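Each of the next two complexes has subunit A plus one other chain: subunit B in the first, subunit C in the second.
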Partner chain A sequence: METDLKNTLRELLIALADDELILGHRDSEWCSHAPILEEDIAFANLALDEIGHANLWYSLSAELEEAESQSYVDRIVFWRDAPDFRNIQMVELPNGDWAFSMLRQYLFDSAEIERLNVLAESAFAPLAETAAKIRTEEHYHLRHTRLWLRRLGLGTAESRQRLQAALDQLWPYTGQLFELPGERDHLLGLGIKMAQASPSWEAQVIPFLSECQLALPAGARRALNRQGHTRHLAVLLNEMQSVARLDPEAEW
Partner chain B sequence: MVDDTQLPRFQVFVQGKSNSPFLDYGSVHAPDAELALLNARDVFARRPECVAMLVVPTECIFSKTAQELLDWESAPVSEAAESRETYHVFAKPKHAGTQTLLGQVEASSPEQALQLALERYKKPAFAWWVFPARLALSSQVQDIPSLYAPAREKHFRLSVDYKTVTAMRKLRQTDRDD
Partner chain C sequence: MILRLNGRIINREGVFPKIAMEPKPPQLTREDIWQLLAEIKDPEIPAVSLVEMGMVRQVGLQESKVIVILSPTFSGCPALDVMRGEIDRRLREVGAPEVEVRLSLAPPWSTDWITPQGREKLKGFGLAPPPLHSGRLQLALEQPVACPYCASTHTEVKNDFGPTLCRAILYCHDCRQPFEQFKPL
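So, the complex of A and B:
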């Protein structure tokens, strides 16, 4: 593979993995705090799924680098600092309330399925196969969050008001959902045609949000690149990496 | 007594393989059947084997134990065919057994469904459950890939996937050797 394509591919894999890892970690923070026991288990499962997906992407990147997978993944997860992470900002925001976490999960997963649909058509077979594999699980995530959003949106005045507040906060960040690193030409060289993903996402998400009695915020959706982060990421990493950094030589 | 503020309870039945009967796995709380089905998946199908699930509000299950059947006078069988509907029939073969799906009967009341089931299945059971199929919600074949199949590859959910036990044994061994 040409160096340019390889670099783009590596950046892409890290970006995809970082999204999943950081969201998975946020989701895991609900463990033992969810509103009911059943949701606690469901959300912990979901957190594990996302972290599992991150692992798949990181491992693919390790393969590309011809590095030993486990030590590569450990290094990249536990020994990078915030400025080196390439996740979008939406996933690093603190959990807020149940409505916020459910809505974020929905916005992300629905976009992820669109991204995966594109990636599953990629000319790079390992990427395409991994995307197809992850996609089946995301369909379940989406089903779960859609059920909740409908119930919160059409539920009580308080549940709807909380969901609307969450949308007002999250909507500007959705501009980043389809921002991928790498030159567009290089992505096209890998058979990745992301241009169709965003309109297709809007076509299904916007009607669904209105079905949930939510008003779409008027403000702009910021198309930020993946270099910048909110102050929340460093706080999250500080906790996530603390045990690994206590004893770098420890065997797990 | 403290009021139960929890969401309604749904009984969960799991089918392990496509040709095996649904078995009672326990219950989950959920606002409605749709969410109960998803909650059931997370609580009971985290590990294989599962190809389908069925949930029903626990309060809709008509139940009789063998003991209760001794002085049970069944209701007269209604001839009104139009009010008949399908009931699922479950029985628990013995005290320590599990409620297992035996089949379906057409009846116009839970009492009649049980009566018909006793006549049809003619076997001793520790307890019987019947409920209208109309009130139950089950997963579909097309749900398998996203709901149940991924569990097969999730070895990290199994305790054997962790080296902790071996590591602890080694530590203890070292302690003893010292």
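So, the complex of A and C:
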């Protein structure tokens, strides 16, 4: 494989994995804190799914690097600092209101399905196969989050107001959902045509949000690259990595 | 002093390494391996074996190595590592010198691959089996689910997420009991 293609692939896999890992960690923070037991269980499941998907992407990267999978994944998850992470900023924002987490999950998963549809067509078979595998599980996420957005949006004045506040906060970050690292030409060289994904996502998400009685914020959607982060990522990592860093030699 | 193992002198230079290196002739047949895999249970649903779950795709037998190709169910399932470890342990116990469990993602595992016996056992375990869907998952999700206790379809999904990644929580309005379903995938 040519070096630049390999580099593109490596950066792409890490970006995909980091999105899933960081969102999975945020989801896991609801464990034992969600408003009702069923939703506690649901967010714990979502967390497990996302972290499982992260593991698939990281393992694929390990394969590419011809590294031993488990130690590679541990190293990349627990021993990188915030500036080296390549996740989009939406997934690192702290939880706060439960409506916020539910809406973020919907915005991310609906975009992820579009991304996976594109990746599943990639010329690099292991990437395409992994995308197809992950995609089958996302149906449940979308079913769950859509149900709740309807309930919250069409529920009481308070639930709608809180969901609207979440949308106002999250919408600017959606400009980053289809941002991938690497040169466009290199991605195209791998058969990845991401340009079609964003309009397809908008065509689906915007009408649904309005069906939930939500008003689309007027502000711009920021197209940020994946190098920058909010101050929240370092705080998250500090907690997530603390046990592993306490005793690097520990076996677990 | 001369040390002997199975009648051979092992402390003479050059002899012991030779014994250790010698590959055991594989006495296992593919049928034996399938048989053994049919005894290994899914730790989260101990009523059903890996073979009944449709997870074992292929079994290969080489000179000194048994290769098992396994399709993972839900990708975040923590039971997968337990199952891999169990396959390795059990096959070594019956004399496989080396065991390799390879994961296969394509085609992705589907609940359609659960065998008819597996479906019956799920029911016996109190889990409604997933409907057959031939890849049309959306349709499967709209279908009424029959209660594993009384077979009524007067049931309702309470939560798409349950105690494990593969289970949803439902309620039967006829026998008035909560139950779980193995989610179609």
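Note that the second predicted complex is superposed on the first by the 252 of 252 C-alpha atoms of A that agree within 3 Å, B and C clash if a C-alpha of one lies under 4 Å from a C-alpha of the other, contacts with A are read in each partner's own complex, and residues count from 1 in each chain.
The criterion applied here is as follows: a contact is a pair of C-beta atoms (placed from the backbone, for glycine too) under 8 Å apart; a residue touches a chain by one contact, two chains touch by 3 or more.
Owing to the predicted nature of the structure, the values given are computational and were not obtained by experimental measurement.
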* To do: Would you mind checking whether subunit B and subunit C clash or fit side by side on subunit A after the superposition?
  => clash
* To do: Answer with first, second, both or neither: which of subunit B and subunit C does A:T136 touch in the superposed model?
  => both
* To do: Name the contact category of A:L56: first (subunit B only), second (subunit C only), both, or neither.
  => second
* Could you look at A:R151 and tell me whether it touches subunit B, subunit C, both or neither (first, second, both, neither)? => first
* Counting only touches as set out at the top, which of subunit B and subunit C does A:R184 meet: first, second, both, neither? -> neither
* To do: Return first, second, both or neither, reflecting whether A:K193 touches subunit B, subunit C, both chains, or no partner chain.
  => neither
* **Partner with the higher number of touched subunit A residues, subunit C or subunit B** => C
* Asked: Quick one: which of 76-84, 112-120 or 148-156 on subunit B sits on top of subunit C after the fit?
  -> 148-156
* Structure fact -> Both partners, subunit B and subunit C, contact subunit A at residues 38, 41-42, 45, 48-49, 52, 136-137, 139-140, 143-144
* Where on subunit A is subunit C touching in the complex? -> 38, 41-42, 44-46, 48-53, 55-56, 125, 129-130, 132-134, 136-137, 139-140, 143-144
* To do: Would you mind writing out the residues of subunit B in touch with subunit A in their complex?
  => 6-7, 28-31, 34-35, 38-39, 41-43, 46, 145-147, 149-150, 154, 156-157, 163
* Structure fact -> Within the complex, subunit B is touched by subunit A residues 36-39, 41-42, 45, 48-49, 52, 136-137, 139-140, 143-144, 147-148, 151, 252
* Asked: Which part of subunit C faces subunit A closely enough to touch in the complex?
  -> 74-78, 105-108, 110, 137-138, 141, 158-163, 165, 169, 183, 185
